[in-house]
Amino acid sequence: MLQRNHNHPTIVTIEKVIDQTPTVRTLVFSDEVMPNVLPGQFAMVWIPGVNELPMSVMISNESGKAAFTVRKHGPASTGLFNVKVGEQIGIRGPYGNSFDLKEGKLLLVGGGTGLVPMMRLLTFVKPTDDVTVLIGAKTKDEVFFEDLANSLLENNSHKVIVSTDDGSYGEKGFVTDLVEKLVNDTKFDGVYTCGPEKMMYKTVQSAHSRGIFVQASLERMMKCGVGICGSCCVGEDLVCRDGTVFDGDHLSKNKEFGYFHRNKAGILENY
Amino acid sequence: MTNQLLYSKLSSLIKVEPSLATSIGTIQLDRPVMLASGILGISLDVFNRLYRSGAGAVVTKSLSKEPWEGYPNPTIFSVKGGGWINAVGLSNPGAPNFAKMIEPNKDVPIIVSLVGSIPEEFEMMIKAFENCKVTAYELNLSCPHVAKVGLEVGDDPELVKKIVSTVKNTTNTPVIAKVGLGTTHYLNTVSTAIDAGIDAITAINTVRSMAIDVETQRPILSNKFGGLSGTPIKPIALRCVYEISSKHDIPIIGCGGISNWEDAVEFFLAGASAIQLGSAVGDNWIDVFGEINQGIKQYMEKKGYSTIKEMIGVAKKS
Amino acid sequence: MTNQLLYSKLSSLIKVEPSLATSIGTIQLDRPVMLASGILGISLDVFNRLYRSGAGAVVTKSLSKEPWEGYPNPTIFSVKGGGWINAVGLSNPGAPNFAKMIEPNKDVPIIVSLVGSIPEEFEMMIKAFENCKVTAYELNLSCPHVAKVGLEVGDDPELVKKIVSTVKNTTNTPVIAKVGLGTTHYLNTVSTAIDAGIDAITAINTVRSMAIDVETQRPILSNKFGGLSGTPIKPIALRCVYEISSKHDIPIIGCGGISNWEDAVEFFLAGASAIQLGSAVGDNWIDVFGEINQGIKQYMEKKGYSTIKEMIGVAKKS
Amino acid sequence: MLQRNHNHPTIVTIEKVIDQTPTVRTLVFSDEVMPNVLPGQFAMVWIPGVNELPMSVMISNESGKAAFTVRKHGPASTGLFNVKVGEQIGIRGPYGNSFDLKEGKLLLVGGGTGLVPMMRLLTFVKPTDDVTVLIGAKTKDEVFFEDLANSLLENNSHKVIVSTDDGSYGEKGFVTDLVEKLVNDTKFDGVYTCGPEKMMYKTVQSAHSRGIFVQASLERMMKCGVGICGSCCVGEDLVCRDGTVFDGDHLSKNKEFGYFHRNKAGILENY
């Protein structure tokens, strides 16, 4: 094959599709680059004839393979959700920075497909780390990666806590209330979060207000992934190029984080 | 010339720090390197950051009367052989929304890029900016991948004449026309714009192009066609700047594949008073502005230039 | 289509060796990769060598009525950002001398490229080849750096019409028009040539460009302006082939920055029946023909194509 | 400085000009690449505002420096000849292949600026080699590089023989007659020649007819130097890309070598 240009789509074939929930699927593929990306990095994923969207790169238990875990909502994500085994997609990247993983007591807070970078982050923890993973979901049907988190942490002192808003599984209530409680009781060495912006916003507040190191991996609508189109700007920051991972200290000074994102026309919209 | 030579000789002796200030007609800039239209141009916070990073001015995304979503992805990717192809489709929040957004601006020289298909649209849009600090307007007459606007306008001399005259009658702010390679001779568009009173020319826009993925056997862009930018088009853009400056006495802003100080200097020597960066930001991120300013300054020191002006068009004398 | 699919499915099952043969209208070639005009095209011994190396045909240098020396050096150099700029100035031994030189030819499919400014010149030149094996004539209507011929002709619809009709009345050998980006819309030149009876189109020629040396502060080419070739223009050439094949039912030869099998396949998928190599020879030398043929064959095996024809224009179906 | 593209002119400044004869000068410059080229390789040399021409790269006794030794005849070479100290020229390359240097008894035959690759070749001989250098010239005034050849060979068993057509210096007669005599008396392990084509042609004949390994470095008018323009073709060979060095065996089969070269229009002309 000819030399790879990481800003040009490289075509890969989907080898396996795993249903995580009725609306979430993991698509597994082989590639030289994507299995080795850092937690927080993403790829621009082209579904030929449909669309292209930024996706955090999911780990695979098979070496030489990576995956995308997608929830269907818009046309692009639904297009990716519907890709079948043997079909081809294009990938650009990896793009973006990654988490600064501390040692000791770690708290990971993930919601929905925001769990993807959290799972990859777990592959980097040291055996000596004491890791707590919070998985937030609306209801039982939408819970996934709980077993995966436990198996990735089998050699660590760890807790994996699931909370559902309706209490249909695990603890009842918002995961952010759980975060507030945990950071109140425990002095974590690092808190890491990815998921719905409001969830990340509160998690950052809870930790940062107590002087605890916290990082969040932001999600925005993207067109280029390389800092050209500007679609993903949050205040003066570009999620694709300055992020996706930002320190709580930095985010707490950003007027748009937690409140606004831009639509396809670049107009600010409320969360 | 001999005075100039003497002056630069002297200034090099007495080690005058070269000045990066430049003027494009009546437009005065502290630095000659600006952000090209279409790049990062939708947030005032980002504009301030770019200005702090060394951009002499920022050109906004091309604004239309109404907000536009642009084309579905894929809208941008890099060509294997180098450069980028994009068909973002002029997505923008619309002139009124954008004007509100930049109203607080005090520091940044903002050049507002406008796109439309009839003179009245341009008139209305400019009115929306009456409470804003606007350094200049850049009329995008050369977008290669959106119908009814861009090149379809630039390729129609009558329409160019009408639009430029209307805009010039609407505002006292300097007005720049951005031209590109369309289906007519861009030099005719330049002449028409000059006759209609344009203050400066930006050359050139991206060049209509395409890439096909051989695995899936389809064009990569959702719009099939897009504009080629980056290093591949630099020699074409440089030729256009040289041709315009050889034919007309009009300030020129060079744009097209400039990615380092040497490229920038080539454009000055060809007749450009300032330059714009686009793809280079994608390739080297925001530090590229400072790096290019620094490189230009070192070149000026080496050659004994104390002002950008002394460099402009020097290659035409050879 | 379904038959074709079935056929390719079958052929892939029963492992039919894919054929590289292609036809450009009535022109039949064993291989779809030919040498572009202007490259190495002045010695029959070299033509034989190129043919042995895998070229399906060789296009000669553009020949004029009289011998031309071309421009003084520098006439060719590589752009730092990639690709080549040349202003050789159509140096050639003149049609009569050249015809004598290739008279002994039996094996090599030679496409004779002609350049001129009036129909009569083309008529005279073609008569000079009456004792030669000529596979086709390619009219160079698009040289970007020589006055009175090339683009000045291609940009003049009336002249194109006259020249093509005259040539078609002079010979029964197939006639190809080579177009490029000039000062008018190349698609109009294509339409005019087709109306006048042209048999095929080669797209595209090099793109008018320039480079300036910042140390000596002068254009590098003695002619100042030259034609840009190589990887930088590939996306532009591909777009032109796609546009022509979308608008007209005419055989197309793709030319412009093709440097590997994947590029070649892109052009087939866009609608080209064959392709030409120029700069790639400077970059990778003569083995490039065999390498690209090999790569195309492997692609055809992988995709289950047994003939080039099956690939042509497939990207337009998406 | 930015990255170098060896097919794009790199500007160097002439630091020293040495008059070799009334019509031959050596121009010395500093460069990273040119001092290390192989014997037989050449550069395309741009004289801004004048022309560009292929030049074999001359050695310099100072490290980090190279040179061009030029005889003024056409406008291009005269332009280079007239470049003064402190003036700038552009260089592309190096281009072309190089000599295959054998061990043992070696014969080098050079005429005029054809001595340039011969001098560089001498820097590659082993102390055990027995080297004979023939320098051919029309008359005394045109002899140069005799002392240089001797000093380069001071550690070798060697002979440097000069012959002038008019006998005004060294042996009288054509250098090719001397070659004929030498290859007749001695079984050389390798014969290397560069200079006027007729001289090379006879040298190749004399050696090859006796089964002696011989190579010649050819000179032709060139525009590109990379195998695009075709100006330098000799039969089916391109001097810039297949050469400049060819084996006698190959040359003896070439119908143009020794008889024809092409002018700027590409028309064959006799020598």
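By letter and in written order, the chains are A, B, C and D; residue numbering begins at 1 in each of them.
One rule holds for everything that comes next: contacts are C-beta pairs under 8 Å (C-beta built on N, C-alpha and C of every residue); 3 or more make two chains touch, one makes a residue touch a chain.
The model shown is predicted, which means the values in this text are computed figures rather than measured ones.
Between chain A and chain B, the centres computed from C-alpha atoms are 37 Å apart. Centroids of chain B and chain C (each the mean of its C-alpha atoms) stand 34 Å apart.
A separation of 65 Å divides the Cα centre of chain A from that of chain D. Among the residues of chain A, those in touch with two or more other chains are 2, 48-49. Residues of chain C found to touch two or more other chains are 79-80, 216, 218, 262, 318.
Viewed as a contact network, the protein chains fit none of the simple shapes, being neither a path, a ring, a star nor fully connected. Inter-chain contacts occur between A-B, A-C, B-C, B-D, C-D.
Put simply, chain D touches chain C in their complex at residues 2-3, 5, 7-9, 11, 44, 46, 48-49, 51-53, 75-76, 88, 90, 92, 223-224, 226-231, 233, 235-236, 238, 241, 262-267. Those residues of chain B whose C-beta lies close enough to touch chain D in the complex are 260, 262, 318. Contact residues on chain A toward chain C in their complex (touch as defined above): 2, 48-49.
Those residues of chain C whose C-beta lies close enough to touch chain B in the complex are 79-83, 85, 181, 183-185, 187, 207-212, 214, 216-219, 224-225, 228, 231-236, 238-239, 242, 257, 259, 262, 265-266, 269-270, 299, 314-315, 318. Note for the complex: chain B touches chain A at residues 38-43, 45-46, 48-49, 61, 67-70, 72-80, 84, 86, 88, 91-94, 97, 213, 215-216, 218, 220, 222, 278-279, 281-282, 285-286.
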